Amino acid sequence: ADAPVAMIVAQGGLGDGSWNDTANAGFEAGIAETGLEGRAIESNDVVAQGEEIMRRAADSNFGLVLSLEYAHGEPMEGLAPDYPDTSWAIFNQVRAGDNIASVLFGEHQGSYLAGVLAAKMTTTEGVEGINPEPILGVIPAVKSPGIDKFVVGFIQGAKSVNPDIEVKVGYAESFGDPTKGEQMANAMFEGGADIVYHVAGGTGLGVIAAAEASGHYAIGVDTNQDGLAPGHVLTSMVKRVDVATEELIKAYAADKFPGGETLKFGLPENGVGLTEMEFTKDIIPAEYLEAVEAAKAGIIAGDIEVWDVSSQGYPDFYN
Amino acid sequence: MSNWLDRGLGFAVPLLIALLVSALVLLAIGENPLDTFSLMLTEGFGSPRRLASTLSAATPLLFTAVGTAICFRAGVFNVGVDGAFLIGGLAAVVAGFSLPAELGWSLVPICLAVGALFGAAWLFIPGWLLARLEVDEVVSTLMLNFIAVAITGYLVNGPFLSRQSGNNVTPPVHEAAELSRLMPPGTLHSGFLLALAVLVAYAFWTRRTPAGLEGAWVGLNRRFSRVVGVSVQRTIILAMVLSGIVGGLGGAAHGLGQLHRFTDGFSAGYGFTGMAVALLAHNSPLGMLIGAILFGALASAGTTIQLFSDIPLDLVNIIQGIVMIFAVIELGRIGIRRRVKA
Amino acid sequence: MTRIALGATEIRKSYGSVLANQGISLSVGPGEIHAVVGENGAGKSTLMRVLQGIERPDSGHVTVMDRDVSFAGPADALAEGIGMVHQEFMLAPDLSLLENLVLGDEPLRWGRGAFALIDWQSAEAQGRGLAERIGIEVDWHRRAGAAPVHIQQFVEIIRLLRRGSRILILDEPTAVLAPQQVNELFDLVRRIREDGTAILFISHKIGEVMALADRVTVIRQGKIAFSAAVAETSGEEIASHIVDGSNPVGGEIRRGTPGPVVLDVAGLSAEAVEKSHPLHDISFAVHSGEIVGLAGVAGNGQVELMEALSGLRQAKGRVELAGIDLGGLDAERRRAAGMGYISPDRRHEGLAIDASIEENAIAGSHRASPISNGLWVDRGAMKRVALERLNRLSVKYGALRDPVASLSGGNQQRVVFARETAGSPQLLLVSQPTRGVDLNGIAAIHSILRDFRDADGAVLLVSEELDELQMLSDRIMVMAQGRIVGALDADADRREIGRLMVMEGVGA
Amino acid sequence: MIEQILASGVVLTTPILLAAIGGLVNRQAGIVNIALEGKMLVGAFVAIVISAATGSWLVATLAAALVSMVIGYGFSLTITRLGANMITAGLGLNVLAAGAIGFLMSYAYGSSGTLRLPDVALLPHVFPQSVESVPVVGQLLAHLDPLTILAVLAIAVLPFLLGATRFGLWIRATGNAAPVMLAVGLKPKLLQEASTAFAGFFAGLAGAQLALASIGIFNEGLTAGRGFIALAAFYFGRDRPWQTAAACLLFGLLDAAQIRMQTVGLPPRLIGALPYLMVLVALVVSQMRSLRRTQ
């Protein structure tokens, strides 16, 4: 196919340093590689305008429309039949339709692994910046199921290592407030945490800065953030949204668009996972990495079930 | 005659300044401003479908503009319609999914009424505080907006969170509670007709009701109003409550007609854009209709031109910001430094 | 040798269709007090605003110290040594008196420019010195808005002296002062004259002019009607020029035949709020078919009394209207009980100046039939009612939808009367009914009042024009310092009325 | 715990305080500045760009302040000379600032949302790290940056500036009774413009502090409503310097404590609304008192 491609950017817009930006990176890569024309669409009122934008794109002969906005799933399902020749893609949910590709990520699974690693690390003796207390921290941007999916996965992973572990959770109430992120991370470090996982886009940059300044550790998210503060980002929970968007575009260009299918970017597919830990390998005992690998194998095999807030709601251990 | 000219200029000047500045910006990045503007025009009004999309974007602005104008006329600088929109919207949506679906067609009026009621109650607070305690309404309503964002944000992630969604949204309202679409498949819904009805009611209220006349007098001269036996306090409270009703109705219509649920980011600053519309239009009903459609077109076309050009959304913000800054040139009458002791 | 300290030559100034100044020439020399008198709306303040650079004249020019000047703004006039004490106070209420004193010309302790430090010590010393010279005591650290009015007045004058003004314009400086305070002020002004300062003094009160001024000029309807050295004229002559011709305004004197009591006031008192005057234990009655005049120097509680009666101001005591106790009723209910109110401030209270003539004529009746059934307004009925009212009082206007601001002062006042007399109220509270109204208008308004009285209406009338009071009233009460200090026949000797008006307050 | 809350509270207070200083002077001159937020954002952006370009935090901070000052001045002209409404114009400026910065970022830097430049010079710490051992305030002192000190100094100087200098007197007189200013030959509009420029200057400093205090990146959400919190603070403090500073500190400490209190189970969103609620309550209480006094 050679009709142009449109991608609708979710709330928060480009520059959130997280979801939208990662997806956009894959989008641009896909466009560049296939030579297709492609446009990313932002809106100040993306929730309410979603259906109009999607229809406008299809009416104007765009061949593939991806929407990063969660709220667009429902209208997409409704309007896709009107445009059988257009390919559609939606994320984090499954929508019915021959021409809709649904993409699911296993953020909870990847976060579980991060939780396992962090829980192991936090009581390790002889590592600079690590204290004996079994205390971890998570700084999510806002309270919403899409974000809490990470949080709950992380907690579950940590508890699987040590049921008595304490995981402090503090919402920053913003995706773009690094000052707040820094202060929150400091508060957690002072409270005995030595590893803080952020799920907070631009706010998380402050978390990483705080880890670096105080000699503790952060865990990055979405992309490989290990290099932002080498040695102080324990690992990053990478979510290959960019791979997903890029592959969807390539498949579309090759007339192999997976319409009607659900693409999973979970652990088995390497859609989520931890980084190579380029800068922290040396301080992490090998057995921990083995434990992480074991957990990964368990999840893939179905022996370990990780709670998914976005489809199961909140579990009892996290309200 | 000159009055009409004035009003026309009231619109034209800020718009021209905005277009001029954005033309310069476009030139600076090597885009042809004329091409861009004509693309915007096509995207805003070029076909019935585009027009419907524009009207759809204009619908919430019509509500918030009228809600604002009701207060401005009475000399009350209420900037809190956005809060009423949120509160009313959430209340209507909650009614729309929690009341029994068996209520059928009557769900719509009930939910609208609930939205209006909550909006009214919300703005009654600053109205009462202003009338009785002379608490500056600009600050009180501004603060209440933030509080409304917090409360609705909390509720939509807590008590009213949908279990089925990966997002901060409530469950959808019953199908019977949805407002019907006017031009399927476009999203323009019957809330637009409701907005027009509200606009007509506003026009009627201003000219054909005793309270409407009183509102204008209180806005023009509070001492005079007292002399002719008008209760200034009551008029102020009434203006706030009516404003809340309209704002709440707007939120209800948006929830029931556009989104079918309440979500984070429910109001894209509609209250503030509506305020600019009311100021631009000098509170005149026709002017507000035109103004809301213009801003609706800006929002709708500003988004879809990205499909056909490299013009980023920031241009829309630049235009809108400039129009707001220059919106009230000469409209000195609604100063915020006047407080004739009531 | 300077001959003209401040002069105006052929000044013309109009506001829309109002010709406020129509070619006025006058001058004042150093060490001279030149009084400018004239009725309300004659154009005195307008001329002063021109002389002070606040308004630009349409034509004509201003001379200062024998030089022609042109002012771009009040700052220029100030630089030329012209200082004005305004009719309204020009002190920032939330600043201290001391801060007000030095504002605009601060003594500096250190540095230059905007961020220089003010030398408050020397400021206070200067203030104290000046106050001492005048012989008053001022608590300089008091908030200006909380200081007594005469102190505010003095501080304004001191401020000008301090800035070396050699030409002082005083616009009705005595309006708010008690007699004792007026004497203090006059002493002060005379002392300033001794220093060679030229003074333009605007007043309504001929007695004051005779007592203070060297020269007097009468302005009538924007033109000079008369000018003479005070020594060579008399109060009567000046008065006759103020009101045009020899006889005071219009028509024969008719008295009414009083009927039963309509308004009964007993023990009414009110506290002072902000700049208002307190009321002390006021008791009187007004009968149907009579006009009771209320005389007094402005600012002795007349306005407050009228507001208290109309329900616009809180007060204690008993007020009965035709036997009905009005205690606790607000303005709206008092109105409904049969009370009309003609405000002394037409532009800011009597009318909504930007609303239409139609709405101004019917306001207050807009909730009742035939205009409204409580829910809707019947625009047709509204128009009919407005037309009927406007015609009854022969208001001249362009279109009903025009803003009432487009009318002449007299016609504006007729609109107010048309509205307030419409429902045949039992009592009309009338303040300054002919302020800023032309002669024809005055005659018409007087006959409206008489007709109302003759139809068994009761009227309580406040006016600063004694002539008007004596001509219209059946009896006269005199107010001073918030009390009623006397009641007389309408044709009582003016000197007796005057004596009562300047009576010192009884008791504390 | 207290030590940390104090330290973190001060860090969170500084930008609010800087913005509020300008805002309160502005309001004393009779202009309610709703656009602090937008001007802070501009200040932060300029600070990052200039800091990366020059490697000097001082130059960057000054540049941020000056650019915001010029914007504030231009903004005031629309109000004083063209009669624009200060509330809508302020909201409009916030929208415009965000739009213009977004535009600049995408066209000049090809990035959106976040601007990360190499070699951004951060604000230095005033005291050597060793002060950390001082009891109670050690943490606070160790993280103290020059702009925090400037803010405190400004607050200390402000009563003096307002009370003892001509500028201060004129500002207060302008807000209190502009016609009086005219009558004594001063130009109230000029002062309103100057005070808005002043507010812009300090809002620019506030932005620079946000951008350069520790992380050195620009993000379009960086100000995160702090301009409005500043507004709330000077309303809360009734435009008086010390009271306003106290309000800022209160909000800053509240924020710092909230970070540590989330585990208690209070919904974070509701805690975030607390400053606004407090302003509302404070307004009501003060009005009730002043009404009782006049009755």
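Think of it as A, B, C and D in the order they're written, each chain with its own count starting at 1.
Methods note: a residue touches a chain if its C-beta (ideal position, glycine included) is under 8 Å from a C-beta of that chain, and two chains touch if they have at least 3 such contacts.
According to UniProt, the chain labels map to these proteins: B, D = ABC transporter permease; C = ATP-binding cassette domain-containing protein.
Predicted, not measured: the structure shown is a model, and the values here were computed from it.
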Those chains which touch chain B and also touch chain A: D
Remotest chain, chain C as reference, centres from CA atoms: A
Chain centre separation in whole Å, for chain D relative to chain B (CA means): 29
Inter-chain centre distance, chain A versus chain C - centres from mean C-alpha coordinates, in Å: 75
Inter-centroid spacing, chain D versus chain C (mean Cα positions, whole Å): 47
Whole-Å separation of chain centres (CA-atom averages), chain B against chain C: 45
For chain C, residues contacting two or more additional chains: none
Where chain A touches two or more other chains at once, by residue number: 13, 143
Two or more partner chains touched - positions in chain B: 157, 312-313, 316-317
Chain D residues within the chain C interface of the complex: 161, 164-167, 169-170, 172-173, 176-177, 179-187, 194, 294
For the chain D and chain B complex, residues of the former touching the latter: 30, 32, 34, 75, 78, 82-89, 91-100, 102-103, 106-107, 225, 228, 231-232, 235, 267, 269-270, 272-273, 276-277, 279-280, 283-284, 287-288, 291
Touching residues (chain side chain C, partner chain B) in the complex: 310, 312, 330-332, 335-336, 341, 343, 345, 348-355, 359, 363-364, 366-367, 372, 374-377, 379, 419
Touching residues on chain C, where the partner in the complex is chain D: 54, 73-75, 78-79, 84, 86, 90-95, 99-100, 102-106, 108, 114-118, 120, 159, 273-274
Chain D-facing residues of chain A, complex: 13-17, 21, 143, 168-171, 173-180, 182-184, 186-187, 190-191, 202, 205-206, 209, 213
